[in-house]
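Have a look at these structures, which come just after this line.
Next come two complexes, and both contain subunit A; in the first it sits with subunit B, in the second with subunit C.
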Partner chain A sequence: MNAHDTFIARHSFIELTARERARALLDPGTFRELIGPFDRLESPWLAMQNVVCQADDGAVIARGTLGGEAAVVAAIEPAFQGGSIGEVSGTKIAAALELALREFEAGRSIRPVVLFETGGVRLQEANLGLAVIAEIHAAIVALQRYVPVVGVIGGMVGCFGGMSLAAALCNRLVMTRQARLGMNGPEVIEEEAGVEELDSRDRRLIWSMIGGEQRVAVGLADTLVEDDTDQVRDAVLAAFAAGVNKSNRTEQVDAQLERLGRIDPAAIDPVVLRSLWQGNA
Partner chain B sequence: MMTSTRGQIWFDALTGRASSDDAGPVRSADATLGDTTARFIAVVPDPQNRFPRATDNVVGLEQGWLLARTVREAIDADRNAALKRPLVAIVDVKSQAYGRREELLGVHLACAAAVDAYASARLAGHPVVALIVGPAMSGAFLAHGYQANRIVALDASGIAVHAMGKEAAARVTRRSVEGLDELGERVLPMSYKMSAYAKLGLLHELIAGIDADAPTHEHVWRVQASLVAAIDDARRGPRDLSSRLQSPDAKRTRAASIEVRKRMAEQWDAS
Partner chain C sequence: MENLRYHYPATRPVLHRAHVGVVGSGDLEILLSPSETQRAEVVIRTSVDGYEHVWKSVLDRFFSRYDGAARLELNDFGATPGVVMLRLAEAVEASEGDAP
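After this line comes the complex of A and B, so read on.
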C-alpha cells in the first residue's frame, strides 16, 4: 500500500466515543457493559449545581475477552465534562479494578485496561473526585502484583491531574502522537506561574514537552501508536503478552533519582532531555 | 530567619529533633510513638532547591521521589519483621509544583512513585496514618497522605483538604470566594471546611482544641494518643481502603460510591 492507501485504511481511535473504544478493543462480539446508561447511576452532585447529568456519568465499564482471555476495560468519555472524574465515574473505574483483583484472589485471571481521556478531578465534585482518584490509585497498585495494568491515552483531551498519576502507575502505557500526559495542564501552569513560565497557546512547545512521541522517547510511556484502532489493540495485546514487569517505573527510585540528578534545571528543554534520557531508566 | 511551617513544627514535636539540622525538602525520622517506633515523614520548604518552582512546601520532582525512597526503605527494612513499623505522613502541602520543567521531567511520575510506595507499604502491613496539620491540596495530598489506612486532622485554622486552591477554584467556576463558601454549605464535597470534609466519611478523627502553630506538651501528647489509636485501628482493619466507606457519614454522603460497587459486583458475572 502507498501512503495514501495506508491512511485511508486506518480507523481512527480518537474519533470514537468511550463505548466505541471499549468495543473496538475487545474481541469482536464479546463486549458487555456493566452499569450501563439504563442503570441511570448519575452524579448526585451535578444536578445540585444545575449541570446536566449523563446516564453513564462519562465512564464506560465493559467486560469481554481480549486475545481470548477474560478482560475488563474502563473507558473515559472525553465528550462529557472533559472526561473529568466525579464520584460515580471514578468509582466505576475503581470498582472495576477492585473486582478484577477479586478474580486473582479467587485463582482466576483477567486483563485490565484503562482508556484515559481526562482533565482530572471534576471541579463540581472536588473533594469526592480527589478521594475517588486515590481509590483508583490504590486499586491499580494492588492489582499490578498479579497482572500488568495497561493504560491507553488516546487524545485529544489527554490525561492530566490526579489521573496522570493513575496513568503513571500503569505497568504499560500506550500513547498516540496526539495524546498528552502531564500533571498540570498548560493553562493551569500559565495561570499559576505566568506566561513567561509557559505559554499555553504554544501548541508546538506543549506537544514537544508532553506529547506521546516525547513521552515514549524519554521513557515516560512505553508504546507510541498512530491514531489507528488496530495499532492500539495490537499494542495492548503485546503489553499483556509481555507479562508482569520485573520492576515498574514507579519502583525504580534510585535509578530515577540518578537520572533526575543528571538534569541541569537551567539548561533543560525537550531536545536536550531526549539526549539525556533515552528509553527507560 | 524563616519561620517554621506547620509540617516542620509537627515533625520536630513528634520526633523530638530539630528539622532545621537536616537539608532537603523531605524530612524523615524514626521516633517513639506509644510503645512502638514509627517513621514520621514531612515535606518542608527548601529555599535552595535547584528547581525554582519547588522551593515551597509543595510536592515536586525531588519531593515525590524522596518520599518514595524513605517509604520504600522502611518496607525493605521490615520485610521480615512480624510487626511492620507504622508510617506517619505529616501533611502540610500547598500543591504539586507547577512548572514547565516539572511537566517536562515527569512530576506526575514522581508523585505516582510516592503513591505507589505508600500504597505498597499499606498492602505489606505497615499501618499508614496521615496527620493533616496544614493544607492538604490536590495532587500533593494524593502523593503524600491519601493512600493512608487512616486519616486524622487537626481542627484548626489553615487546615483544608481540597482539589484546588480557593482563589483558583473561584476563577474556574466563575464565582466569588464568598459564592464558593455559600456553595460549600449546600454541596459538601465543594466545601473548604474540615467539618464538611469530616462528613464525607474519609476522616478517622478530627482532633479539636490543638494549637497547630505552637503546640504545648499536652497538645503533642494528645495528638500522639490519637495517632496510636489510629494505628491500632488500622492494624485490626483491612489493608485496602474499604474502611473509608464504613462509617455512618460515608453511608449517607457516599451512597453513590456504595451503590456503584454493589451493582458492579452484581453485574460482574454474566447471568
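After this line comes the complex of A and C, so read on.
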C-alpha cells in the first residue's frame, strides 16, 4: 500500500466520540452501556452555574468482551466540558473500576480500560471532582495486583491535572502521536510563569515535550500508535496479553529518583531528556 | 442558560428511544423517547439565551414532517439551526431506522 492508501484505510480513533471509542474497542456486537444517557445521571452542580448538562455527564461506562475476555471500558467524552472530571463522571469511572475489583475478589476476571481525554478536574465542581479522582487512583492501584489496568490517551484534548496521575498509575499506557500527557497544560504554565517560560502557541515545542512520541521515548508511556482504531485496539489487546507487570512504574521509586538525578535543570530540553532516559523507566 | 418547552400534535406512537450528539461547542445532544401523552413534547436547555423565536421556527418546520408522539430532550451548546435539524433527523432515523 502506498502512503495515500494507507491513510485512507485508517479509521480515526480521535474523531470518535467517547461512546463510539468504547464500542470500537470492544469485540464487535458486545458493547453494553452501564448508566447510559437515559438513566439521566447528570451533574447536579452545572445547571445552578448556568452550564448545560450532558445526560451521561461526559463519561461512558461499557461492558463487553475484549479479545474474548470480559472487559469494562470507561471512556471520557472530549467534547463535553473539555473531558473534565465532575462528581458524577468521576464517580462513574471510579465505580466501574471498583466493580472490576469485586469481580476479581469473587474469583472472576475482567479487563479494565480507561480511555483518557481530559483537562483534569471540572473547576465548577472543585473538591468533589478532586475527591473522586483520588478514588480513581486508589481503584487503579488496588486492581493492578490482579490485572494490568490499561490506559489510552487519544487526543486532541490530552490528559492533564489529577487525571494525568491516573494515566501514570495505569500499568500500560497507550498514546497516539497527537495525544499529550502532563500535569499542567501549556496554557496554565504560560499564564502562571509568563510567555518567556513557555509559549503555549508553539505547537512543535509543546508536542516535543509532552506529546505521545516523547512520552513513549522517555518511558513514561508504553506504546505509541497512529490515530487508527485498529492500532489502538491491537495495542490494548497486546497490553493485556503481556499480563501483570513484575514491577510497575509507580513502584520503582529508587529507579525514578536515579533518573531524576541524571538531570541538570539548567541544561535540559526534550532531546537531552530522551538521551538521558531512553525509555528505561 | 435558558429552558424552553414546546408541544406539537402527534398521530402515531413512538416505539424506540434514541440518543445522538454531544453537548460540545456548536453541537447538541438529543434524547428521543416515547412520550407518555398523545402528543410530542420538546424540552430544551440551551447555553445561548434569547433565541426562542429561532427554536420555534426550527421545530415548526421539523414537526411539519414528523408526527411521532415523542419526548425530545435537547441539551444544546450553541448549535446552529442547520445542526439542530440534522441532529433531529439523526435522532428520528436512529429510533425508526429510517429518515423522516
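Here, the second predicted complex is superposed on the first by the 281 of 281 C-alpha atoms of A that agree within 3 Å, B and C clash if a C-alpha of one lies under 4 Å from a C-alpha of the other, contacts with A are read in each partner's own complex, and residues count from 1 in each chain.
The definition used in the following text is that a residue touches a chain if its C-beta (ideal position, glycine included) is under 8 Å from a C-beta of that chain, and two chains touch if they have at least 3 such contacts.
Here the structure is a predicted model, which is why all the values come from computation and not from measurement.
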- Using the overlay on subunit A, decide if subunit B and subunit C clash or can fit next to each other. fit
- Is A:Ser12 in contact with subunit B, with subunit C, with both, or with neither (first, second, both, neither)? neither
- Query: When the two structures are overlaid on chain A, which partner does A:Val141 contact: first (subunit B), second (subunit C), both, or neither?
  - Reply: first
- Regarding the shared-chain residue A:Glu77, is it in contact with subunit B (first), subunit C (second), both, or neither? second
- Return first, second, both or neither, reflecting whether A:Thr65 touches subunit B, subunit C, both chains, or no partner chain. neither
- Between the C-alpha centres of subunit B and subunit C, what angle is found at the C-alpha centre of subunit A, to the nearest 10 degrees? 110
- Touching A:Leu169 in the superposition: subunit B (first), subunit C (second), both, neither? first
- Message: On the A-aligned overlay, A:Pro270 touches which partner chain: subunit B = first, subunit C = second, or both, or neither?
- Response: first
- Message: So in the superposed three-chain picture, is A:Ser200 touching just subunit B, just subunit C, both, or none of them (first/second/both/neither)?
- Response: neither
- Message: Between subunit B and subunit C, whom does A:Thr30 touch in the aligned arrangement: first, second, both, or neither?
- Response: neither
- Query: Who contacts more of subunit A, subunit B or subunit C?
  - Reply: B
- Message: With the superposition applied, I'd like the minimum CA-CA separation between subunit B and subunit C in Å.
- Response: 16
- Message: For the complex, give me every residue of subunit A touching subunit C.
- Response: 17, 36-38, 47, 50-55, 77-81
- Query: Any idea which subunit A residues touch subunit B in the complex?
  - Reply: 32, 34-35, 39, 41, 43-45, 48-49, 61, 63, 87-88, 91-92, 95-96, 98-99, 121, 123-135, 137-138, 141-142, 145, 161-162, 164-169, 181-184, 188-189, 191-193, 197-198, 209-210, 218, 220, 248-251, 253-254, 256-257, 260, 263, 265, 268-270, 273
- Item | Contact set on subunit B toward subunit A in their complex | 50-53, 61-62, 65-66, 68-69, 72, 95-96, 98-113, 115-117, 119-120, 123, 138-139, 141-143, 146-147, 161-164, 168-169, 171-173, 183, 186-191, 197, 200, 202, 240-241, 244, 254-257, 259-261, 263-265, 267-268, 270
- Touching subunit A in the complex, subunit C uses residues 1, 17, 19, 22-25, 27, 29, 31, 33, 45-47, 73, 75-77
